[in-house]
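In what follows, chain A forms one complex with chain B and a second complex with chain C.
Right after this comes the complex of A and B.
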């Protein structure tokens, strides 16, 4: 019995988020009658997909003590560029070709942003905080300007609609809900494999813990950091595809309010803001928790601002625990 | 350590449960806050003229409300209309607010479908991108009533909508006619055009209406500059300050919502240009929405015109149509009830004022 308890304790220590998750599920059980319905669970899964992909990207960057604010603008810019290709160019006549071009365009937008971020951080030695914040401003501004200048004039609308119905498959509309879930699962498994099974993954943790030491021991620090940003950008591009398909329109403000959820999921999952510890498995739990909480509180008819408040408090508690535990372990080592 | 974790666990449970209770309590108090309905005890009875024709047993009806934002007084007016009518009719409400985020609003629509509400009243941020979830709700057998903004690309059960494009045209046209009538034009007015959120279809349409009529009368109004405000008063204020500094010849400000009137006032006061109509240096103000701030400056003689939809009635009508559809007294036929705007002007404010929804709050 004692052995069992110790095992549970070890797991909980590694994934403190499990405590919160159990609490959320219990609340769901007792307070919300419509929680355990097929429609709602499907719904919950779908709503988590792009958050999971984005958070995996941010986890990668954060493992190296970096940050990427620009992912939300990749969502918006990718969304309008892709929608424009599918709905307002000659490609609209050939839906399949249009979808392929749009998918490439959206993923490409993410990669371009990643390359710029990565290059600025590694070559110009700029802090990622500044670079990605600037890229976020540029991306968001460009997305809104783009829609208002050329794309939207035909319909007087602030978004781009008229996407081919087949594109909805990527967003899980109709009976295709497993498509985005599989895509998100693939991204997650790939990231996890990358971090735990490859030399690149080991390098990431080494660089995140102490870049100087890593450099001295012959790890290609710059290359590692650069690749992390590119991957993060690519993930944002993929996420843009799923979110655009789910909303069936190109939305210039798509990512504007999302960052809080993304960083919340990563931190609450347990990846350290100081870099070097954590991983996408923790982030997966964080994502499930964030989605679950919003969903449950929606079902309970809680006002959005209260949801925000509760999320804020919980993120604070987890971040605090992270610091306290780090300090404790440092103390013990001394 | 384990004890501490257990304590933490309990704390989280408590927080979540408390949040849940807070939400439910709010749900109970919200309808009571709406003014005129507090005295009605039973399902609406005689004193309510709106609800008398549909006074059946609506007790077990639940209507979901998806509202894009509760930031502007206009939507608060609409929401008050919804809650007051729902209480009169004995309908339960579930409200989700999307904080001006299209993606979030679509998610919340799906959460309402999960909850199996009987009908949904949707006040969308954007009529185009909400189409996908409106369709899903309709497919799930939940009638959706669009309130304030029309839907594009799907069929709703009913739409109670404001025609912002036409209102934009009407406001400018009224001013042009007024200027011609008074024969006071010597050279074109130099106008500063404020824009709302560029991701918001109703606003984009309103501005389009403004611009189309202005373009027809270059001898009367000339647009000097545009200030994108993103519905942020601070952004609006700074934008106006910059323009008024660099272009002192500006003598007209066109405002997409009375939400920004306080910013307009303080920007003009800072450059000492806040004067009544007829006083020297007066800056013409053309506005819309008809909230109390806008009506106040109109009544006090600072602005020329305020175009207003009946925000409260829009909410009232939405609930009535939802209940009628649920009772089978009306078809879910994608029918549109289009609202025209009332123009309250500096000339007729004493007569039209009382018919504007916010008049009770005007001193």
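Right after this comes the complex of A and C.
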């Protein structure tokens, strides 16, 4: 019996978020009978796919104590650019070609953002906070401007509709429900494999723990950090594809207000803001928790602002605990 | 020049369980310039830090002007009249001269508003009084080092310092500025200020001071009038210790050159250094702090840029050295700061051991083989006798200094390099582990590696090296072969 308890304790120490998660599920059980319906769970799953992919990307960057605000603007910019290709250019005539081109364009937008972010952080030595924030502003501004320049009336809610119906497959519409889930799972599994089974993954954790030691030990620090940003951007691009497909239109405001959920999932999941520890497994749990919590509170008809408040408090508490524990162990060393 | 104004009685100081000052007794007389000399680590700075209120003593007492002196903070020391002019001046380069002078004592007006006019006026007063030759509004960062030092001295005098301690004041000064400083110090003496002057530059100490105290290994070995000393005598007192550490002896042969450095120059730190290292050789690099030893290693390994100079590894020139490139060619670098550059402290021993070998281990697609990794770790832990029960779980920061150092060495040994650059191999390591590390180094040389060891412990180098290069102020000043080893000879080159 003691052996079992100790095993449970070890798992909980490694993934502290399991405590939150259990609490959330219990709340769901008791307070929201609607939760355990197929309809609700299906919805929950679909909505989580975007969050999972974006959070995996952010996890990679955060493992190096960095941040990437621009992922939400990759969502929007990619969305409108891809939609434009599929609906407003000669490619509209050939749906298959249009879809392929759009997919490349949207993923490519993410990669380009990632390259710019990575280059600025590693070559120009700028803090990721500034770089990605600026890119976010440029990106989302560009998305709105782009749509307004081609739309009939210039309004903030203009979108690009008329996408080939086949594109909806990627968004999980109709019977293709499992497609985005599979894609998200693939992204998650790939990231996990990358971080735990490859040399690159070892390097990421080393650089995140102590970049100077990593450098002396011959690890290509700059290249590693650069790749993290590129991957994060790519993931955002993939997310853009799925979200645009689900909405069947190019939306310049796609991704607005999502950032808190994304970073919340990563932090609450247990990846340290200071870098060097955590991973996508923790983030997966974080995503489940965030989606669950939001879903449950919606079902309970809690107002949006209170949801925001609760999320904010939780993120703060977890981040602070992590920070304090890290400082404690550093202090003990001395 | 007869009254004793400052008396240090039986001062002892320990950091954790290491005692760095043993019953130090020192006297400073009214209006005298007392010189304080000693090797790195002799305890000079520690002693002065205690006097200046930076940290407390572990035992002993101090009397100043006939009253007990218990410095609890730098402010206390300043208020009592003891000023400390550090080697790195405590000045703010982005503020003006006037602001620096009043940094801890701004004249304020209503609601604590700073009275700028008053600052300017008062600082001008002091500038005139001490003949500083600077503008009150000049930004400190724009002044030459000599002038900055003068402002620092003025700051001390403003607070009515009766004792001024100078810690290595001339390291950043030009000759002319040095002359001005000495003139100022002599004037201070004439005005009744007593001075403690710490310096490595024995000529200056012999020129300036009235009496000289020599510190060695935390004890005052001798204090005497300047006239009774000469350079050789000072060196003898500084290093004359019994060699107690036992060093392993190993039979080995020295073969061809594996590393050649020609005319290495690094901005300000290293000037025209050339040397070569041979297979099977343990080459020592000795010098005082700031001589440029670590900079040489870092430049050769590609961590810091070099201005000019050629580095040849196994005969081939390394054009743009980088850690990755150097490791690829068979070099290893054990830094002096394992906490910040040698280990991933919060990570387990196994992770640390595998850091360099990682590049080699991963197969296609970069996938790592955890079984192979575990086996390599196990072997290395055994070989080096690293005291850890669970290397895959125990974090590096929970190991003792000696074991930590072994992990760092193990990390490099896994890669089987041929050339080792080692900086302070036994820094923070207990006596027992030291012996093991020396034995390790000598065995590595026996197996054919070439090792360059940088250390501030002369004994250590004499114990394990085949020859020792001495660095002073960025230049190689001498080379001493094993047959000619003597502490004085080596120290002479270093000063």
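As a working rule, the second predicted complex is superposed on the first by the 319 of 334 C-alpha atoms of A that agree within 3 Å, B and C clash if a C-alpha of one lies under 4 Å from a C-alpha of the other, contacts with A are read in each partner's own complex, and residues count from 1 in each chain.
Definition applied: a residue touches a chain if its C-beta (ideal position, glycine included) is under 8 Å from a C-beta of that chain, and two chains touch if they have at least 3 such contacts.
Values in this document were obtained by computation on a predicted structure and should not be read as measured data.
Q: Determine, for the superposed arrangement built on chain A, whether chain B and chain C clash or fit.
A: They fit side by side.
Q: Looking only at contacts as defined up top, I'd like to know whether chain B or chain C touches more of chain A.
A: Touching more residues of chain A than the other partner does is B.
Q: Scan A:248 for contacts with chain B and chain C and give back first, second, both or neither.
A: first
Q: Give one of first, second, both or neither to describe whether A:203 is in contact with chain B, with chain C, with both, or with none.
A: In the superposition, A:203 touches chain C alone.
Q: Taking the superposition on A as described, I'd like to know which of chain B and chain C A:302 touches: first, second, both or neither.
A: First partner only, chain B.
Q: Determine, under the contact definition given at the top, whether A:276 touches first (chain B), second (chain C), both, or neither.
A: A:276 sits against chain C, while chain B stays out of touch.
Q: Have a look at where A:215 lands relative to chain B and chain C in the superposition and call it first, second, both or neither.
A: Touch partner of A:215: chain C, not chain B.
Q: If you've got the overlay open, could you tell me the nearest Cα approach between chain B and chain C in whole angstrom?
A: 20
Q: Overlap of the chain B and chain C footprints on chain A, residue-wise?
A: Common to the two interfaces on chain A: nothing.
Q: Please output the residues of chain C touching chain A within their complex, sorted ascending.
A: Chain C reaches chain A through residues 301, 303, 323-324, 327-328, 333, 335, 339-347, 351, 354-356, 358-359, 361-362, 365-368, 397, 411.
Q: Sort out for me which residues of chain A touch chain B in the complex.
A: My answer: residues 5, 9, 12-13, 16, 19-20, 22-24, 26-27, 31, 34, 37, 39-40, 43, 46-47, 144, 147-148, 152, 155-159, 161-162, 168, 173, 243, 246-249, 251-254, 256-258, 293-304, 306-307, 309-310, 313-314, 317.
Q: Any idea which chain A residues touch chain C in the complex?
A: Result: residues 197-200, 202-203, 205-206, 209-210, 212-220, 276-277, 326, 329-330, 332-333 of chain A touch chain C.
Q: Would you pull the chain B residues touching chain A in the complex into a rising list?
A: By the definition above, chain B touches chain A via 1-2, 5, 8-9, 12-13, 15-17, 19-20, 22-24, 26-27, 94-104, 106-108, 110-111, 113-116, 126-129, 131-132, 140, 152-153, 165, 197-201, 203-205, 208.
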